[in-house]
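Going in written order, the chains are labelled A, B, C, D, E, F, G, H, I and J, and every chain counts its residues from 1.
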Amino acid sequence: MPKPELLETFPNPYADRPYEIHMICPEFTSLCPLGGIEADAADLSLLQGGAPDFATMYLTYVPAEFCVELKSLKMYLWSFRNDGIFYERAVNHILDDLVTLVKPAYFEVKGDFAVRGGIKSVITARYGVRPAGV
Amino acid sequence: MPKPELLETFPNPYADRPYEIHMICPEFTSLCPLGGIEADAADLSLLQGGAPDFATMYLTYVPAEFCVELKSLKMYLWSFRNDGIFYERAVNHILDDLVTLVKPAYFEVKGDFAVRGGIKSVITARYGVRPAGV
Amino acid sequence: MPKPELLETFPNPYADRPYEIHMICPEFTSLCPLGGIEADAADLSLLQGGAPDFATMYLTYVPAEFCVELKSLKMYLWSFRNDGIFYERAVNHILDDLVTLVKPAYFEVKGDFAVRGGIKSVITARYGVRPAGV
Amino acid sequence: MPKPELLETFPNPYADRPYEIHMICPEFTSLCPLGGIEADAADLSLLQGGAPDFATMYLTYVPAEFCVELKSLKMYLWSFRNDGIFYERAVNHILDDLVTLVKPAYFEVKGDFAVRGGIKSVITARYGVRPAGV
Amino acid sequence: MPKPELLETFPNPYADRPYEIHMICPEFTSLCPLGGIEADAADLSLLQGGAPDFATMYLTYVPAEFCVELKSLKMYLWSFRNDGIFYERAVNHILDDLVTLVKPAYFEVKGDFAVRGGIKSVITARYGVRPAGV
Amino acid sequence: MPKPELLETFPNPYADRPYEIHMICPEFTSLCPLGGIEADAADLSLLQGGAPDFATMYLTYVPAEFCVELKSLKMYLWSFRNDGIFYERAVNHILDDLVTLVKPAYFEVKGDFAVRGGIKSVITARYGVRPAGV
Amino acid sequence: MPKPELLETFPNPYADRPYEIHMICPEFTSLCPLGGIEADAADLSLLQGGAPDFATMYLTYVPAEFCVELKSLKMYLWSFRNDGIFYERAVNHILDDLVTLVKPAYFEVKGDFAVRGGIKSVITARYGVRPAGV
Amino acid sequence: MPKPELLETFPNPYADRPYEIHMICPEFTSLCPLGGIEADAADLSLLQGGAPDFATMYLTYVPAEFCVELKSLKMYLWSFRNDGIFYERAVNHILDDLVTLVKPAYFEVKGDFAVRGGIKSVITARYGVRPAGV
Amino acid sequence: MPKPELLETFPNPYADRPYEIHMICPEFTSLCPLGGIEADAADLSLLQGGAPDFATMYLTYVPAEFCVELKSLKMYLWSFRNDGIFYERAVNHILDDLVTLVKPAYFEVKGDFAVRGGIKSVITARYGVRPAGV
Amino acid sequence: MPKPELLETFPNPYADRPYEIHMICPEFTSLCPLGGIEADAADLSLLQGGAPDFATMYLTYVPAEFCVELKSLKMYLWSFRNDGIFYERAVNHILDDLVTLVKPAYFEVKGDFAVRGGIKSVITARYGVRPAGV
C-alpha cells in the first residue's frame, strides 16, 4: 500500500513569490493488478501473478506554504513497489496525496509508463490553475 | 474489417477530475486498398495486391465515465491487419469507434504513417474540445 | 515547368469533421535560376548553369470537399526537377496550385532548403485560417 | 508460409570486384506461434491467438554472380505477414532462402524485434566469411 | 532469492550454424544490500532499509543445443525484485545461471545500473570465447 | 556565502528596444546543507558532510537600463561553490541578487539540478512580466 | 566595420500574401572588443588582443515590398569578421541594418554565441509585430 | 550520362605522407531505370517513367599523386541527375571514374539511398588496400 | 589535496573470472592551477584566482583480488574539489591511486573536461593489458 | 600566416607512461584561397575575394617529453583566421607544426570542414604509430 505517512514537508523558503518546482522520478515501479484486482502484495508469491510495471513520474507544482522534502518523496514513491495498482489510479493517487500534504497553488503529476502489449501509456492529472506568469 | 466489438471499457476511477490519457501504439499495420478499393482480405491471396501500410497511432483523451481497456485496444488495433483501408479513413474510423465506446470529454487520434513514394503522411482527427486546464 | 495538371483529388471521406493532413516530402529538388532568371530547362545543357537545389517540403492542410491524391502529389513535386525557380516562388507556387485544386479550409506549405553559401533557408506560406480546435 | 519463390535475382553488374550491399527493412511483421506451435494462418481466426510480431531486418551481403532484386525482396518479406514463426527461425530461414538464391560470397541477416514482455531481442546469423578488404 | 528454476529452454532450431542472440531487458530491479549485507527480503519491512536499484541488462549469446525461452527469462529476472544483492554479484549470478542452463558456445551479461551517488556503473562478464565469424 | 558584490553591470546599448538575453551556465556547483542546515564552508572539513550539488543555471531577462557583465556573472556563480544551500533558495537568491542589480523589465532563473536519490529537480522563479512581443 | 552597403534586395515575388522567411547562418564570427572597447581591426595585430567570437545567427522575417538577397546577406555577415563588437550590439546592429533595408512587416534576429567562460549567451531582438496567422 | 570529363585534379600537396580525405555528398540524385533499362534521359518526357532516386554519397580516399578538385566533383555528381541507372552501377561507376582519375592508394565509395518500397539500400565498393596506420 | 585514504575496497566476489567494471562520474570538479602552480586551496580566497574545472571521469577496470567501494570512490573524487591541478596530472593521479589500491588486472581512466578557450580536452591513461576475451 | 612561434610546451608530467591527449577545437576558421592561390591577407580587402572556411579540428596525440600548452594552441589556431589556405594543406600544416614542437610518440589531426557546394570534407593526417595498448 502506498504510504503517504512517509511524506514530509518543509516551509517554502520564498512563499511571497509564486515559482515552479519540477521533479523527474525515472525509477517508479509497481505491480500490475492480479486478475484485474488491485491489492498490495501481502505475501511475495503474488509476484508471479502481478507483473511489474515501470514508469517515469513527472511532478510539477507551485508551492504555497510548504514544499515536499525530496528524500521523503523518494521513500513514498518506493512504497508503491509491491502494490498491484492501475496506471490511472497510481497517477491520481499520487496527486491526491501530495495535494493533501503541501496544499499547493498548482500541482501536476504525469506518469509515463513502459510499453505493455506494444502500447505506451502516459497519464496526466492536475490540481488547481497554474498562476499567470509562472 | 476493424472489429469495434473487441473493445472493452472500465469505469473511470477518478471521474470527478478531468485528466488526460495518452497512448502510443507503434505497431499498427493495415493494407493499402487494392486498385483504390477498400476491402477486407476475405482470402489471403489479396496480400499480393494490397501492399502493407505501417503507422504509429497516437491516442489522447480526457475520459468521462469510461476508460478504454488497454489489452482490448491492442486487439482492436490488430483487427486492421488484413484490411485494405485509406489513411484518412483509418484514423477517422478509430476515432469514431472509440468516441462511440467511451463517450469522452475529448478524443484525438493521430496516425503517423511510414514513407510511401518518398512522402510521409500524418493524419490527425479530434472529437470535442479539450477542457481548459487539461 | 511545374505541372499542376498532374495533381489529382479524391473526395474527403470525412467531410463533416475538420481534421488535419500533414505530409513530409524530403525529396524535392529544383534548379537555381540561371543568372537570376527563372526558366524551365528546355534543353539539358542548362544543367551546367543552374545548380540543383534540394528541399524538404512540409504540407499541412485541413481538407474541405477534396483531398490530394498522394501519388499524384509525388508526380507534381517531381515536375519541378528541371525548372529554374527561386525558393520564395517555389513555396508560394505549390501553395497556389494546391489551394486551387483542393479548396481547403486551411493550407500551409513550408520549404526547408539545403545550405547554400553557409546559410539555410526555410520559407513558410499559409492560406486561410486554421479552424479552432484543429 | 514464407514464399521464396517470390524472390528474383539479376546478374551482378560488377562481378569482378567484391563489394557490399546493405539493406534495412523496418517493416517486417509476422505472427507469434500459437501455443508455441509454428504455423501459417490458414484461416484468419488464428489472428486472435497468435499476436503480431514486428522487426527491422538488416541484410548485408557481398554478391558473387547474382544480386537480389529489391522489389521481389519486399514481396518475399511480406509473405511472412500471416505466419506463426519464432524469431530464431525467421532470421535463419531468411538467411537460408537468400543464400540458396544468390549464392553470395558472404551474407548476414540481423532481425531487431520489438519489445515483448519488456525484453527486446536481436538475432544475427551469418553465412560464409566476409572477404578481406570489404 | 533469484529463482533459476523459473528458467526454461527450447531446442536451438538451427544448431548446426553458430549465430548470435542479443536481448535487452530495461526493466531489471533489485534492492541494495542492507548495511552491506546481501539478503532476500523475507519480510517487506526490509524495503525501507535496502533502497531499490535499477538496471538495463544486456544478454548476448551464441546458442549450442538450447535457447532460453523468452517468457521464462522475464520471470527469472523478476525474481531479483525483492533481493538485496551487489551489482557485481547480480551480473555474475545471472551469467552463471544462464550458462548452467543453456550450455552455450558463448555468453555475455552486461548490467547498466542507474546513477547512485552521482556515479553510473556498468558491469560486464563473459563465458567462453566468441566463435570466429560470429 | 554567495557574493553579489562580485556582479558588475554595463549600460544597455539598445535601451529603447525591449530584447531578450538568455544565458546557459552548465557549471554551477554548491554544497548540500549539512544536517539540513545551510551554511558556508568556513573550514574545508565541512566538505565531508555537505555533499556537492551540480546544476545548469538558465538565466533569461529583458534588460532595462543595465546588462549583467558576463565575466562578473561567472565569478558570482563561482561564489556558491563552497556554500551549503537548498535548491529552492539558490535559485531564488540568484534571482533576487540579479534583479536588485540590473532592475530589468523581466528576469527568469531556472536551475536544473543533477539526479539525487534517483530524482532530478528543476526550479524556476521569475520577476516581472515578460513584455508583449518579446 | 559591418558593411550594410553590401546588402541587396529583390522585389518580394508574392507581396500580396504575408509569409515567413527564416534563415540559419551558423558561420558568423567577429572579435571580442579589446579591453572592452569596440573597434574594427584596422591592423591585423589587433587579433592577438581581441579574441574571436563565434555564433549561429537565426533571421526570421515577414517581407513586405522587398526580400534580402541571400548572397549579399552572406557577404554582409562576413563583414563582421574583423570587428571588435559586443554580443548585444551585434544582434541589434544586424536587426537595424536589415529593417532599414527591407522595411519588413516583422523581423527577428537571434544570435546564439559559443561558450565563453563556461557560459553560453543567446540574444534575441525583434522589430514590429508578427502578423496574425503567420 | 555521367560525365567523368567534368572531373579535375590538383597535385597532392603532401604526397610523401599517406593521409585520408573523406567527403560527404548528401545531394546526389539520379533516375530509376525505366522498365529496368538503364538510359540517359535524352528527352525530358522520360521523367514521368523513371522515378527520381536520392542518395548521400560518402567518398573516402588516400591520395597518391593527385587530389579530386571539390567543385569539379560537385559538377560530376550533378551529371547523374537525368540518368536512369541502378544503385549498384552508380556506386561502382563513380568508384571507377575516380580511381581512373586520381590513381589513389585507396578509394571507397558508399551510396546511402533513400527508402524505396519500405527498404533502404546502402552500397559500398572499394579499390586498393587501406595503408596500415591510416 | 586528493585524499586516497578515503578509498575503500571489498573482496572481488567473482575473482576466478575476469570481468569488467565501468563507472561514469559526471560530477568531477577541481580548480585550475593559479598562475600555473598546482596547490590545494589551504584557504578559500584561492578560489578567486584558480578558476573551476569540470569533467566527466570514465573509469574501467578488470578486478583481481579487490573492487573499489562505490561510496568511497565518490568521496575520493570529491576530495579534488578545492585543489589546483592540471588535467594531465589529475587523470594520471587518479589512475595511480586506484591501481595502488585495487591491484587490478587492467585499469583505464578517461577524463573528459569542459570547454576552455573554445577547446575541449579528453585525457586517457591506462595500466596493464586488457585480458583477451574481456 | 599560421604562426607556429605562438605555440608553447610544458614538460609531460607523466613521461614514463604512454597516455593519450585528445582535443576538440570547434572554432577554427581560415579563408578560401583567392582564385586558387594560397596567401595571407596582407590587406583586409582580400576578405571579399577569399570566402571564410569553418572547421572543427580534432587533435589526438601520445606525448613523449612535452605537451602542448592549451592557451598557446588556441592562439596558434587563431593565427589561421586571415590566411587563404586549402583544406589539405591546413590539416597537414598543423600536424607538421605540432610534431616539430612536441616530438610526440604519435599525433593525429582531423579537420572536419563545413559544407561547401553541398559537400562536406573531413581530412585526417597522422604521424608515427599509435603505441600498442594506448
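Everything below uses one rule, namely that a residue touches a chain if its C-beta (ideal position, glycine included) is under 8 Å from a C-beta of that chain, and two chains touch if they have at least 3 such contacts.
This one's a predicted model, so the numbers in the text were calculated from it and none came from an experiment.
According to the touch definition, list the chains common to the neighbour sets of chain C and chain I.
G, J
Where among B-C, C-J or G-J does the C-G interface show up again, with more than half of the contact pairs the same?
Repeat interface, by the over-half criterion: B-C.
Comparing centres built from CA atoms, which chain ends up most distant from chain F?
D
Would you kindly give the rotation angle relating chain C to chain F, two copies of one sequence, based on a CA superposition and rounded to a multiple of 5 degrees?
About 145 degrees of rotation relates the two copies.
Tell me whether chain B and chain C, two copies of the same sequence, contact each other through the same residue numbers or different ones, using over half shared as the line for same.
Under half shared, hence different.
Counting only Cα atoms for the centres, state how far chain A is from chain I in Å.
37
Between chain C and chain E, what's the gap in Å when you average each chain's C-alpha atoms?
Between these chains, centre-to-centre, one finds 53 Å.
Distance between chain D and chain I based on Cα centroids, please, to the nearest Å.
About 47 Å, centre to centre.
Compute the distance, rounded to whole Å, between the mean C-alpha positions of chain B and chain J.
Inter-chain centre distance comes to 56 Å.
Would you please write down the residue numbers of chain I that are in contact with two or more other chains?
Answer for chain I, listing residues that touch two or more other chains: 26-27, 52, 54, 114, 118.
Got a list of which chains touch which?
Contact pairs between chains: A-B, A-D, A-E, A-F, B-C, B-D, B-H, C-G, C-H, C-J, D-E, D-H, E-F, E-I, F-G, F-I, G-I, G-J, H-J, I-J.
Which positions of chain H touch chain J when the two form their complex?
12-14, 17, 19-27, 67, 70-71, 73-74, 133-134
Can you list the chain J residues touching chain G in their complex?
That would be residues 26-27, 29, 41, 44, 47-48, 51-52, 54, 75, 78-79, 81-82, 114 of chain J.
Considering only the defined contacts, which chain J positions touch chain C in the complex?
52, 54, 114-115, 118
Within the complex, which stretch of chain E touches chain I?
Touching chain I from chain E are residues 86, 88-89, 91-92, 116-127, 129-130.
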